[in-house]
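As written, the chain order gives the labels A, B, C, D and E, with residue 1 at the start of each chain.
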Amino acid sequence: MSTYLLIKIIIIVSVFLISLVVAMYSTYAERKVAAFMQDRLGPNRAGPFGILQPMADGVKMFMKEEIIPNVSNKFLFILGPSLAMMTACMTSAVIPWGKGLTIGGNFYPIQATDVNIGILYIFGVVSIGVYGIMIGGWASNNKYSLLGALRASSQMISYEIAMGLSIIALIMMTGTLSVREIAEQQAGGHWNVFYQPFGFLIFIICAFAETNRAPFDLPECETELVGGYHTEYSSMKLGFYLFAEYINMFISSAVISTLYFGGYNMPFIGRFVTDPNWLSMIGTMFLFGKIFFFIFLFMWIRWTLPRFRYDQLMNLGWKILLPLAIANIFVTGMVMWWMGKLS
Amino acid sequence: MQSLTNRSKQVVKQELTFAEKIYLPAILNGMKITLRHFFKKKATISYPEVKRDFAPVYRGQHVLKRDENGAERCTACGLCALSCPAEAITMVAAERNKGEEKLYREEKYASTYEINMLRCIFCGLCEEACPKEAIFLTDRIVATSLNRSEMIYGKDKLVEGVNERIDISDRQTSEVIEFKRIRIFSITNCNCWN
Amino acid sequence: MESKPAIQEDNKQYTTLNLGPTHPATHGIFQNVLTMDGEIIVDSEPTIGYIHRAFEKLAEHKPFYQVTPLTDRLNYCSSPINNMGWHMTVEKLIGAELPKRVEYMRVIIMELARIADHLVCNSVIGVDTGAMTGFLYVFQWREDIYEIYEEICGARLTTNIGRIGGFERDFNETAWRKIKKLVTDLPAGLKEFEKLLVRNRIFMDRTIGCGPISAERALNYSFSGPNLRAAGVDYDVRVMNPYSSYQDFEFEIPIGKNGDTYDRFMVREEEMYQSMSIIRQAMEKIEKLQDKTSFHADIPSFYLPPKEDVYNNMEALIYHFKIVMGETDVLKGEVYHCVEGGNGELGFYLISDGGRQPFRLHFRRPCYIYYQAYREMIKGAFLSDAILTMSSMNVIAGELDA
Amino acid sequence: MGIVFRKEEMKDIQSASNVNIVQAPAGFEGPGFFATKLDHVVGLARKNSIWPLPFATSCCGIEFMATMASTYDLARFGSERLSFSPRQADLLMVMGTIAKKMGPVLRQVYEQMAEPRWVLSVGACASSGGIFDSYSVLQGIDHIIPVDVYVPGCPPRPEQILEGVMSIQTLIQNESLRRRNSPEYKQLLASYGIE
Amino acid sequence: MDKPTIDQVAEAINEKFGDAILSKEQQYDFTVITIDKSILVSLFRFLYDDERFQFRYLTTACGVHTPDQPKPFTMMYQLHSLVFNLRIRFKASTTLNDLQFDSLIPIFSSANWMEREAFDFYGIRFKGHPKMTRILNVEDMDYHPMRKEYPVEDLTRYDKDDTMFGRDKANFKKLN
């Protein structure tokens, strides 16, 4: 039992650390990707190729003066970024990072915990995440922050529905709420994206909106709201907000790859490698490869597209994505009925 | 509103085609462009290491020229100060004493000559106003400073060193250069001007 | 106080939002106090003057040739147009005749400046919709235009280009080569920029119907330039009152329909193509001219004599002194001269009392005049629209506040 | 007034940094080895992560755009994240004419910035008023806020703006961690009537 | 419709407002008509409405201060008939004691800020203007800076040696 616990702790800590490091280097990657797409070089003075840039930003933010506006609610002001950061880190608990390792005859899945309602858990935690933004924006007692917070919460609520509906179609197909099982079912190249292309499209659009990334970055869009909900934040509290965004991006990339792109399953590799431990390690790497691709996609889109207007965003969410998601459910049901898969 | 000229051309088409209505083709098109730039050669000039060539007539830091014998050319006529729209130039004129012929070319010279680099707008009017080939703007950029009072450049910073001449011949017209060549050749029979 | 009927009538609680003076989207500095119902703007109260620099007062205390650096800083996105507008005003006052070659060279520079101005404006519309990348592509072209300026006059932005009567020196080979290269390469670059935005539905949704103004209202507000043309009125000073030989060129005046942000954007895009065609025509015309060397008019009392004469010719030296000290005789009288600036009709109203300085110099600054309409244009719009409207009107603070 | 204090401040910076790092032996009293190392590391970090607040009012702002753009790319110094909210900014870049109407706004922005903060005065107008020697223009922003680095030019070339950012970097790297709490610094701020 | 000449315009104005037309002169390419300030609004309304001329574009308006004239404060208005491409300039003067003109806002919305600017610079007031406050300068400025008697300079500066420029503050008035 104690080794079980130890291994779990190791997995939890490493998942935590990895998501932090990935988020940290996403900031660096974002700056580099943006620079490269814009014919620039990007940060290259801090360390070779600017590789120490995130550290510099981190240390700087830690050492910066903290300002809590007199007019704000102190408790909520601090609660905001903490909540954002906490929820961002919590989501990673149910994501299966790999098949599992066999150590000393026991099988340990590479996952913090395999709850059988994993998807519901993800949705639950993600929807708490908006409170971080909302509370922070409201507690700042600044009109720009408040507008940002309002935009964030209405945007999250409207897109969560479409997102949930697009997942329902997937769940109808897979018949389970456990993320690991969904990943397992896609073994051998039967990726869900081939069966649910529309669902995937809706899901990824909603994922952009949920993470507040362009073209849905209304809550913090610079040209209108200065800094949006984090206008009044300085030092590491701001760092938490920015960090949370990148962690969210990492997690949603992980969720997308797991739900629609086969997770850690890797077709054909079984022919060359037989040792199951090695196999699952390679699978994990493969998963990370997919995750990085999706992170790149996030950035790629951000630096290409203009952003929506508030009302257009709502129109897209309620009038286009929502009906599409419902239609998708119907179509999925019909096809399943036609193929006789409904019991 | 009726047309005022017969040259107008309607350029706006606000209607959307179906392909445009579904967002995706335009988005993919845009992504294609940005991806192409991702792998393109970068346009950046890494400034402190790589320096860009300035145009020969670039209007940067001023220089007070010396003549071919090392004497200061400025005769303190005050035209540069007068023509300066920012009024950044201050000078005090003095008479040349005996024995200073090597130092000053004309009988009058500027005993102090200051340019307030923070006032200066680098418009080049002083260079144009100078009738004595004394002041020129060069293609050097003025250094930044931590201190406002440092930015008033006196003669110590403006006059070129006797052994560190600054070549400004690029800025002068070919007629001037031709004229100088002939004159110097005839007068001093040497071409050590710059 | 101006009345705010909306508030009294329905007893609604409105928030006020202070947009500016240091808001990131106010490119340049002005303030708008918005009264808002949620995200919808009920009313706004613009305040300007945050960089009022007293151009008109300063111009009354400077000799004619020293006013040129001042005009640089009016509309700093297209300073050569301002410079030359001022020179033409003085030339009109003293009755100077310019050689054709100089006029064509001026046309080239002014059209380059127009391109530079529109590049900034359109790419900034892109930035305000959130598409940063196009801005950075386009700015590389602007950098090329800077290089051309630098080759010709020695400065990049505030050019102080040209003199009363012509240019200070002829364009050199490098400059000609760079101009030629720009007009050949830029169309492809612009097309690429357009591909990123123009037919992208997100961008179209954002800009169509955003900050519209009808032709009647626009005229009543004395709009000019691309903003008026976007509303469908083909008023262009270059055609209506040709100056600097613009009558010799073939070009079209792009117009829009609704006067909204999308129309303004498209009109500016098309104007850049027209400008390039004008530059190409001008270069052809210059090559055909007999006169290959002249770069200034023959007005010895205003244009400085050549340096080699100043250095050894007494008469030239005297003229040189007279001009620099501003002691030459100027006619009494008042002139108004207008050019098509980056933002519209840029006029110079000059009263001369025969002294070395202008007695009164009034700038007709297009920005200042049409920015008044902003309040009307954003009424009932979203906050995002207000910002886009502002950037698409290309309000340049230097020109706005004088 | 302003100029005098600037000099003292500079001496303070130089003595605090050079002496501490190069000459002072690591002892039990005063800043020891770890403290100076920490100074050094923090200095390095801050130096490479300057988030500027572009207070661009006029012509220099356009040249700043050129500095940001691909050809010069301010991002290489880690400074491309513009933070328009003063709370998050490290460097106040004042670019362009500051009229008397704008003066109080500028000062308020400076007051809202979180320590440590630096000010870069770009161009003739911000530094000294430039050609606008008129009734409505502030003759140099150092009348109202302390300035760290002056960049001449009207407007400065992007190269010069980069030079300015680099001299701010040197300044930042050599700054002692305790400078912002020192009485000299408090006195400097007090001389401007801030806080 | 035939394009009218500028002389026809001047004639029509003379016919209608004969008494109030003080002078007519040609300044370069512009016809300048000096009018009495009492007819400003009715004249502009007439030119705006008349189908023969259609002067419906107010190009610019500004104040002028000529201290040595009996009526030192002048407002200059420039109209443009876009349809016929005609431009015309009007001037109306007044004294310091009666520093007030009628506002043109009912005819041209663009006159709003032009008039505010004239107020800011010269202290000229406009009857019927909804918001006669300073526009460019700070609210608490206590003089009108464009009047000739005020210096251009900020008198508080200290970093310039004035002696070279003939700009001694004492004899400032003399030089200008």
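Keep in mind that, in the parts below, a contact is a pair of C-beta atoms (placed from the backbone, for glycine too) under 8 Å apart; a residue touches a chain by one contact, two chains touch by 3 or more.
Because the structure is predicted, anything quoted here is derived from the model rather than measured.
Chains that count as touching both chain A and chain B, per the definition above, are C, D. Among the other chains, E has the CA centre that is most remote from the centre of chain A. Annotation: B-C is the more contact-rich of the chain pairs B-E and B-C, by number of C-beta pairs in contact.
Here the spacing of chain A and chain D, counted between their Cα centres, is 37 Å. Inter-chain spacing, taken between the CA centroids of chain C and chain D, is 33 Å.
Per-chain CA centroids place chain D at a distance of 45 Å from chain E.
Centroids built from CA atoms put chain E at 63 Å from chain A.
The set of chain E residues that touch two or more partner chains comprises 82, 85, 136-138, 145, 152, 159-160. In chain A, the residues touching two or more other chains are 37-41, 44, 222, 226, 303-305.
The multi-chain contact residues of chain D, meaning those touching 2 or more other chains, are 70-71, 73, 76, 82, 84, 101, 128-129, 131, 133-137, 140, 154, 157. A complete list of chain pairs in contact reads A-B, A-C, A-D, B-C, B-D, B-E, C-D, C-E, D-E. Residues of chain D that touch chain B in their complex: 2-3, 6-7, 10, 70-73, 76, 124, 127-131, 133, 140, 142, 147-154, 156-160, 162-164, 166-167, 171.
Against chain D, the residues of chain B that register as touching in their complex are 42-48, 51-52, 85-87, 116-123, 141-149, 151. Residue ranges of chain C in contact with chain D, taken from their complex: 21-24, 27-29, 49-54, 57-58, 69-70, 72-73, 76-77, 120, 135-137, 139-140, 142-143, 146, 156-158, 397-398, 401. On the side of chain E, the complex with chain D involves touching residues 136-138, 145, 150-154, 156-157, 159-160. Across the complex, chain B meets chain C through its residues 1, 3-5, 7-12, 14, 16, 20-23, 26-27, 29-30, 33-34, 37, 43, 54-55, 57-59, 79, 82-83, 85-86, 121-125, 128-129, 131-133, 137, 172-173, 175-176, 178-180, 183.
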